[in-house]
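You will see two complexes here that share chain A, one where it goes with chain B and one where it goes with chain C.
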Partner chain A sequence: MSHLANLMAVALGGAMLGAMMNTLPGYDSSFQPFAVDAGENGVGQGRLFTAELIGLRSAGAISYERYGKNVVRDTSATFLVAELAISAREESRQIEAVWLGATGRQYNQSTRLENVPRGLSQARFEPRLTDRPLAIFELPDDEIVGGRLVLMARGSMRMDSAVHFASPASAPERQAMLRLGP
Partner chain B sequence: MVEDEAGIRFYARMVRHPLRSTARQIRARLFAGIGILAAIAVAWWMKVEDARVPDASPQIAFGEPVSLGRAVFTPQKLTVEKAGPSATAGSQAGRKLVLAGQIENVTGTSQAAVFGQPEKLLTLSSGGAGFPLPEVYLVRDRELLGQIEPRIREDIAIVWNIPDDWHEQDVTIEFSAQQFKLRDNLYAKASWLLFYPAGTLSARPERGA
Partner chain C sequence: MRQVLWLGATLILFAATLGLTAWPDYRDLAHQREWNVMRADAAEGELAGLRVGVREVHAAVVDSRPDRALLHVRFDLQGSPVAAKAWVDCRASLRGEGGETWLPLYDYSIRSAIKILAPDGKDNGDCNPGAVPETGPVTFDQLYRLPVSALGDLTLHISGYGTRPAALALEIKPTVRTFKSE
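On to the complex of A and B.
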C-alpha cells in the first residue's frame, strides 16, 4: 500500500512538473519588449521617445548620393520606406526599427541602405527636438499589408517599451526608382 | 506445552529471518546486475549507432543546396578570376578563387550572422597551400554581404585570395552548419549551438574572366 502511495506521489509530481514546463511562458516570450500601441493619429509614445509615422513609400530601387558619388540599390523584392518624426523624451537616444511582416517574419532595417541621407540607423535624437528620419526595409510585397512598424530604443530591446504602429490599410504605390536627398 | 509452542515459534522465527534476508539480498543483487547489464547494453548500442552513421560529411555537387544553419546555400560555379567582384570593398590585389551561388535565409528574421555566430566561414584546402579566410560579397551590390532577409534569395560570391605557390588543381571546400535548439538546457531559450560538418564540395575551378 505504501509502495502504491509513493508511486502515486512520484507520478503526480512528474505530471505537475510536466504541466508547469509546458504552460509557463518561455524565456524568449518573457524577455520581450512591452508593446505600446500608437494612437489613431499615428503618434506613439515609448518610455524614451515619441514617434510619429508620417507615411510609407515603396520602390523597386533607391538612389542617393554619398561622398559625391551616385549610389543605386535595386532589389528583387521591394524597398519599403517609412517616414518618421521622432524626438527623445529625457535623454539622447538612438532608435531602431523593425517591420513585423504579414507572415510573422521580422525584417530589420536593410544594411544595404544604412548610409542613405536621413537614415534612421545613423540618427541620434535629442529631447524636445524633432527629427524626420527614414527607416528602410527590404521585403517581399505581400509582407506590407498586414504587417506593422515597430520602433524601440536601441540597446534596450528587452524589458522596455516598443511602439507598434497600425498596419497599413493598403500597400503604398510602388515607384520604380526613389531618389533620396538630404 | 505452552513452553514448547513458544520454543517452536522462536526457532521458526530464527530460521525464517535469515531466509527472508537472503532472499532480499539476492533480489537486490539481481536488480543491480540487471541495471549494470542494461547500462552496458545501452552504451554498446550507442557505439554501434555511432559507427552506423559515417563521420564524413556528405559530398555535395553544384546546384545542390547545403544547409549553413540560418541559411541554405546552393553553390553554382567555382572559378579563378583575375580581380575581385568589387572595386571598392575587400582586398584588391592578386588572383581570386570565386565560389558563386545562391543563398536564402531560412529563419524568421533578418540575419547578419549568415555563416553562424561566431562566424565560421567555409574552409578550403587544395594541395597543402594555405588559403586565407574568404570574403563574402553580395553580387547585386558588388559590396561585402551585410545581411540577408527572409524569403529573398540573393546571389553571393565567396572569394579567396590565392596564395602565390598555388597552381590550378582540385580544391575541397567544407561547409559547416550551426545547430539550432528551440529550448536550450540552461534557460529553455532558443539558441544556436555547435557547428557540425554539413557538406564537402570537391571540384576543379574553371578559368574565369
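On to the complex of A and C.
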C-alpha cells in the first residue's frame, strides 16, 4: 500500500512538472503585450491609455508645411493615414502604432513622415487631455482591407496591453494628394 | 518524524530560493516607484540630504484651447555634493487629486515657453542633482502640459533613483495667465 502511495506521489509530481513545462510561456510571448479589442464604436482602452480610431484616409502623396517650407512626400505604394483621439489614463505616455496587414506582415509608421503636423511619433499624451494625432503607414493597397491598426504604449510592453482595432470593411477612397495641417 | 524534517527543509529551501530570486526584482521596482512620500508643510522640504524649495509656479492658457495649460515650475536644490550624487538622477512629477501623474516635457521645441513664463526670462534647464554645488542652491525649470481643471489641486513630487521609494511632496498653487492666440 505504501509503495503504491509513493508511486502515485511520483506520478502526480511528474504530471504537474509536465503540465508546467508545457504551459511555460516562451521568450517571445513573455514580451508581447496582451491584445485588447476595441469596441464596435472604435474606442479601445489599454492599461495606460484610451484611444479612438476616428477614420482612415489613403493617398498617393502627402504635403505639409514645416518651418515655413512646403514638404511633399510621394510613394509608389499607398500612404494610409489613421486619424486618432488618444488620452493617457494615469501617467504621461508616448504611444506607438503598427498596421497588421491582410497578409500578416507588420508595418511600422513611415519614418519619411515623422515630422508631419500632429504626427503620433512626436506626440506625448497626458491624463485627462485628449489629443488628435495621425499615424501614417506606407504599404501596398491590398494590405488595407483585412488588416488592422494596433496601438501600444512605447517602452516596456511586458504585462501591458495593445489595443487592436477592427479591420476596415472597405478601403478608404485614395486621394492623389492629401494636405495635412496642424 | 524524518518525513516532517524533510518537508520542513524543503519548505525552508523553497522560501529561500523565492526570496533570493525576488529580492533584486523588488529592489529594482522600489527604485522606480514612490511608495514612501513625505509631505512638506511649506514650499520647502528635505529629502536624503538635499533641501528642495519651490520658487515659482506659473500656468499659461491660450484662449483658443481653454481646456489645457502649460505649467512652469521653478525649484532649487541645496545640499552637499555627496548627498546630491547619491540621488543619481531627478524625477519631478506632478500629481492630481485623482492620482494622475504628469511628467515634465523634454521637447526642446516647446522649451522656449519657459522664457516667456519665467519672471526673469531665463531657462535654468532640467533638474539635475549632479549640478548641485557646495556653495549654495542651484535652480531648475520644468514645464508640464496638463488640463486647466487640474491646476487647483496639484502636488509636486521630487525624488531620485537613489532616494526611491522615498519621495518629497510639495503642494503648489500656480498663478494663471491667459494668452490670446494670433
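What we mean here is this: the second predicted complex is superposed on the first by the 153 of 182 C-alpha atoms of A that agree within 3 Å, B and C clash if a C-alpha of one lies under 4 Å from a C-alpha of the other, contacts with A are read in each partner's own complex, and residues count from 1 in each chain.
Following the convention adopted for this analysis, a residue touches a chain if its C-beta (ideal position, glycine included) is under 8 Å from a C-beta of that chain, and two chains touch if they have at least 3 such contacts.
On a predicted model such as this, the values are computed, not experimentally measured, just so you know.
Undergrad: Which of the two partners, first being chain B and second being chain C, lies in contact with A:Leu139: first, second, both, or neither?
TA: first
Undergrad: Would you sort A:Tyr27 into first (chain B), second (chain C), both or neither based on which partner it touches?
TA: After superposing on A, A:Tyr27 lies in contact with chain B but is clear of chain C.
Undergrad: One more residue to check, A:Ser110. First (chain B), second (chain C), both or neither?
TA: It touches chain B, and chain C stays clear.
Undergrad: Does the superposition put A:Leu129 against chain B (first), chain C (second), both, or neither?
TA: The answer is second: A:Leu129 touches chain C but not chain B.
Undergrad: Determine, under the contact definition given at the top, whether A:Ser76 touches first (chain B), second (chain C), both, or neither.
TA: It touches chain B, and chain C stays clear.
Undergrad: So which one touches more of the residues on chain A, chain B or chain C?
TA: B
Undergrad: Output the chain A positions appearing in both contact lists, the one against chain B and the one against chain C.
TA: No residue sits in both footprints.
Undergrad: Under the touch definition given earlier, write down the residues of chain C that touch chain A in their complex.
TA: Answer in residue numbers: 67-68, 96, 99-103, 105, 107, 145-147, 149-150.
Undergrad: Within the complex, which stretch of chain A touches chain C?
TA: Against chain C, chain A makes touches at 90-92, 122, 124, 126-129.
Undergrad: Residue numbers of chain B touching chain A in their complex, please.
TA: Going through chain B, the ones touching chain A are 108-110, 112, 138, 140-141, 143, 146-147, 149-154, 183, 187-190.
Undergrad: Would you pull the chain A residues touching chain B in the complex into a rising list?
TA: The touching residues are 26-28, 31, 73-77, 101, 103-108, 110-112, 114, 138-140, 143.
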